[in-house]
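For reference, chains read A, B, C and D in written order, and residue numbers begin at 1 within each chain.
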Amino acid sequence: MIIVMKSSATKEDVAKIKEGVEAKGLRTSIVVGEEQTIIGLIGDTTKIDPRSLEVVPTVEKVMYVSVPYKLASRHFHPEDSVIDVSGVKVGGGNYCYIAGPCSVESEEQVIEIAKAVKKAGANMLRGGAFKPRTSPYAFQGMGSTALDILLKAKEVTGLPIVTELMDESHIEEFEEKVDLIQIGARNMQNFSLLKELGKRTTKPILLKRGLSATYEEWIMSAEYIMANGNPNVILCERGIRTFETYTRNTLDLQAIPVLQRMTHLPIVIDPSHAGGKYWLVEPMAQAAMIAGADGLMIEVHNDPECAMCDGAQSLKPEKYEALMTKIKKIEELR
Amino acid sequence: MIIVMKSSATKEDVAKIKEGVEAKGLRTSIVVGEEQTIIGLIGDTTKIDPRSLEVVPTVEKVMYVSVPYKLASRHFHPEDSVIDVSGVKVGGGNYCYIAGPCSVESEEQVIEIAKAVKKAGANMLRGGAFKPRTSPYAFQGMGSTALDILLKAKEVTGLPIVTELMDESHIEEFEEKVDLIQIGARNMQNFSLLKELGKRTTKPILLKRGLSATYEEWIMSAEYIMANGNPNVILCERGIRTFETYTRNTLDLQAIPVLQRMTHLPIVIDPSHAGGKYWLVEPMAQAAMIAGADGLMIEVHNDPECAMCDGAQSLKPEKYEALMTKIKKIEELR
Amino acid sequence: MIIVMKSSATKEDVAKIKEGVEAKGLRTSIVVGEEQTIIGLIGDTTKIDPRSLEVVPTVEKVMYVSVPYKLASRHFHPEDSVIDVSGVKVGGGNYCYIAGPCSVESEEQVIEIAKAVKKAGANMLRGGAFKPRTSPYAFQGMGSTALDILLKAKEVTGLPIVTELMDESHIEEFEEKVDLIQIGARNMQNFSLLKELGKRTTKPILLKRGLSATYEEWIMSAEYIMANGNPNVILCERGIRTFETYTRNTLDLQAIPVLQRMTHLPIVIDPSHAGGKYWLVEPMAQAAMIAGADGLMIEVHNDPECAMCDGAQSLKPEKYEALMTKIKKIEELR
Amino acid sequence: MIIVMKSSATKEDVAKIKEGVEAKGLRTSIVVGEEQTIIGLIGDTTKIDPRSLEVVPTVEKVMYVSVPYKLASRHFHPEDSVIDVSGVKVGGGNYCYIAGPCSVESEEQVIEIAKAVKKAGANMLRGGAFKPRTSPYAFQGMGSTALDILLKAKEVTGLPIVTELMDESHIEEFEEKVDLIQIGARNMQNFSLLKELGKRTTKPILLKRGLSATYEEWIMSAEYIMANGNPNVILCERGIRTFETYTRNTLDLQAIPVLQRMTHLPIVIDPSHAGGKYWLVEPMAQAAMIAGADGLMIEVHNDPECAMCDGAQSLKPEKYEALMTKIKKIEELR
């Protein structure tokens, strides 16, 4: 951490800051510039709140040198993390292909889709049970009934189950029934929930990026889960909010190579929610895999025109199969 | 709701959509344009998910005519809502002035500040007990102990208490001890929490705007609470995320007149968190009140240089008093 | 265009609007809803400024049905445009690979790089002569001297030249010396310049997307050039501004399939400027080509550590060659 | 400027950077931290392009300590600049109230409005002659004819004239006829134009903020004009682009106190373009003045329902007069 003093700061002002910081167990190094003096802090700076320094009238600004996360950092954990989702490995060269309907609607629907996506090459099954909807009047999902339907589809196909958790009161039920617990974009900074996911389960967590979150904020949310006891986190990019209104959100594929530098956690791409249009899924899924993603999460529906939600972004099973054929060729190029 | 057909759509395509929509109990009106045909939907369109129509290959796009909220809408409730916070009225010409420290640190601190802000004209006391922090290693607040300290300050000063709830497991404790329950920006779309606030309490809720939320999304979150049974919602603008990094966030004061058109709920401004710098509080607080706000929420600290968090944005009590003197003059101009 | 009346509007209010619109040569169709009446406008609505209607007190809002561009629209020009850049075709299955240094520094430098990128598979040469810099104190480019250096490199290699025009006073010089005239992101809405590019030249224009521009705004800028007489426009996505500060900008690859629906103009991707880091170029260039781009623009420098600007994002010639080998394999997959 | 080395950097790597920097005439100071070494640069760092350092493989990142502008900086020019616009002073306690129609439509219109706004308290007249429009098919302004109409209104009322320049070919005509030359938001980073405004005129410039510009970028654009010879720059905040679509843009009033710290140049607020709705003008204009603005630019039209553009955001003269009465009371509070 570096403290930049105002140009009006005196030697006494600098000495006072130096003392205060050293009292907290850090060492300092002073650089006297022509316009301004800067104080370098040496030691574990995570305990110092930079805002408590910025308030000092003689301080111009405070800048971070090191990243504020440790457990998720590639720096302290150079090799890729490989997360085991009930036998399906993710990361370190192991790809996960999650597919399934946006919402669970019926047992027949889910089992039919599960069989189809398995045949096409998917190795996990997704399906919404509890749905985060911006309107209180919109369909909110079938809840626990949907979890049981997903379990039946797992029995039939062997595919591990991925579904979204919205509420800590359901953690035990998810621990029992679900293989990969998804945390949605709107809960990325629901810190209470993140803590409980660290404390009460070691099931893998699929942590979606918040709509306006920076990479660092996203990794800090993973760090919350990890620091509370659960190291099994997979990151999922699902599009960020931009000024563009033609698409639902803007998919950020630079996230793939950047996060692979910042963290050892796997990164999965969800092109269905990002664009919100089914015809964007194929080009973006291919682009994600050639750019180095550890997997894809794709919505597949057997009757998109009648889906209770998000049909606009779902692929039919035959289109998913065609896509997976292309994806396999891209795997060979990597 | 209006359905715009693609220019390639045939009469049969239009008829098919018309039938489907009318089967759901709505009436339709067809406008045949030179390039495209549009279908106007007449009746209660809240039950129709526009995305289920967008997926139809012959549909170009779907546009909303009416707003998707009812209970929060000014249209159906023309007069201002007046929310009663343990005797302090907010809205409809009644101003609330919430002040206090970012975090509760000790009984002495809180009582001293409470007395000072009451003397200066504040009519509610704020203080953080449970703190949402982006780092799991940062101070997370004193929790329930802090609530008891706030209660003592209430006994001494009579000021109702405002503090943030992060977790539905604390609703009963807040119901008992807190007068105005704050929901933070990062939980604005924590829909599980919003539902429980509607079902399990009728205590007033101070709903902060999400960092990247639109006005409509913000009102929809209020609608969530209201539709689940709690009509007592106060909105709080606290700055939105923009590309500017000099300030913490950008305060959106246009929100005041716009929301007063959209909704009957009161709107309060938090200039402390928006700018993140104490010297922005005075000009922005005055600007908010002249623009028509129903109140202010301001951080006041007796020793900003030592605050455990957010000292940079806190006013000292004497500065708060000077500000309130100016605010009183602005009240007279309104 | 659709006019949504306020719910308080009377039949007379609706009739008044109807008359006004019909006086401008359009036909109307009225849809009387339960809450609101809407007026559909039939005919050429490009002459009506929607803002002149929004001001009418009885009007709630005005919505566009058709897009506001014609010449650039895929709707009126279904087949891909193929732009001829001094013999190199772009679009409709013809790929352009533009490569070269950020800034022209010397004849030796440019010729060496030109030979290297040609050998690797590039079919156009880029090089900055006039540089848009945010600081008036930064290196502003070698100007006309640089154009002459680029011409020599063209003589040697046969590669057509791409370079940025910042100022209409240079149009004649560019007309004479340059093969593809680049318009930078910061000039995307320099409407005076766009008009002159339409009127005074038919040289192909490489129109970069503005840092915060929507797809429609970008296409409207192309429409400016086209409506003034120059149909030869190639679009170039170079990253948009987002909240992320780790990268320079965020590359929007969804732009590729979306623009291919909206317009018939070719779209080229510049991964060098988007991310601002050389190690992002390879994954993003591959992702762009698999997603359907018509070409790439990539910075290549023989000594990135000493480049006068933007070295951080340049590839060395050997890395560019390795990348082009991969790109050729991706071409085969398309 | 501070260079943060990677944790893997050796002493030799640090020494190499140190030598390179010192070769450019700067001194260095090394801080050896536990994880990383940082190098402080002492001297005039404006000549060093930070990107040329970031490319070095052993460098983690480069951070600015000082601001990159000098002439516009409050640091080197502590007192407020007072800009003289043909006798009307702006800044340092002198307020400018610019009012007039969006577009010049006729002599009668402009003279009538000019008289009305002068009576209400305006001290400058605005009126669009050359209009930047996103559509090539929209009304582009009356051009030079409009300038002559404005001159007649100036003869009648004595009000100095403010109008937008889009093109360097008009600088001489503006020099002759216009008192305050407006540069629009979309040209804020038209660096060629900024340079010419510095070189070819000393007429005051009203520099509008770009739709997505940061404070620093905006000040750097002022610095461009100043560094090229014209010190007379007034800044104008006119709203920034955000995710909100209900309003045209979002007015950033924090810009007022922040810019007053960063620069000595006056700052004027344009609430008409920011919100795009006439009923937002009154609350935002008052808010701007209580927050410390040096003036206002407001659209006034005698027949908003028929204005050729932007009528939706114009005030009628009587509303402007009522607003100015309120503004005068706010002046007394400052």
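The rule is simple: a residue touches a chain if its C-beta (ideal position, glycine included) is under 8 Å from a C-beta of that chain, and two chains touch if they have at least 3 such contacts.
Only a predicted model underlies this, so the values are computations on that prediction, with no experimental measurement involved.
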Neighbouring chains common to chain B and chain D, by label: A, C
Chain whose average C-alpha position is farthest from chain C's own: B
Whole-Å gap between the CA centroids of chain A and chain B: 26
Interchain centroid distance [CA atoms averaged], chain A/chain C, Å: 31
Centroid spacing, where centroids are CA-atom means, of chain A and chain D in whole angstrom: 39
Residue numbers of chain C (touch at least two other chains): 212, 241, 243, 245
In the complex with chain A, residue positions of chain B that touch it: 46-47, 49, 51-52, 54-56, 68-69, 132-139, 166-169, 186-187, 189-192, 195, 211-212, 217, 220, 223-224, 227-228, 241, 276, 278, 304-314
Of all residues in chain C, those that touch chain A in their complex: 212-216, 240, 242-247, 250-254, 256-258, 261-262, 274-275, 279-280, 283-284, 286-288, 290-292, 326, 329-330, 333
Contacting residues of chain B [partner chain C, same complex]: 2, 4, 7, 29, 31-36, 38, 40-43, 63, 65-66, 75, 241, 243, 245
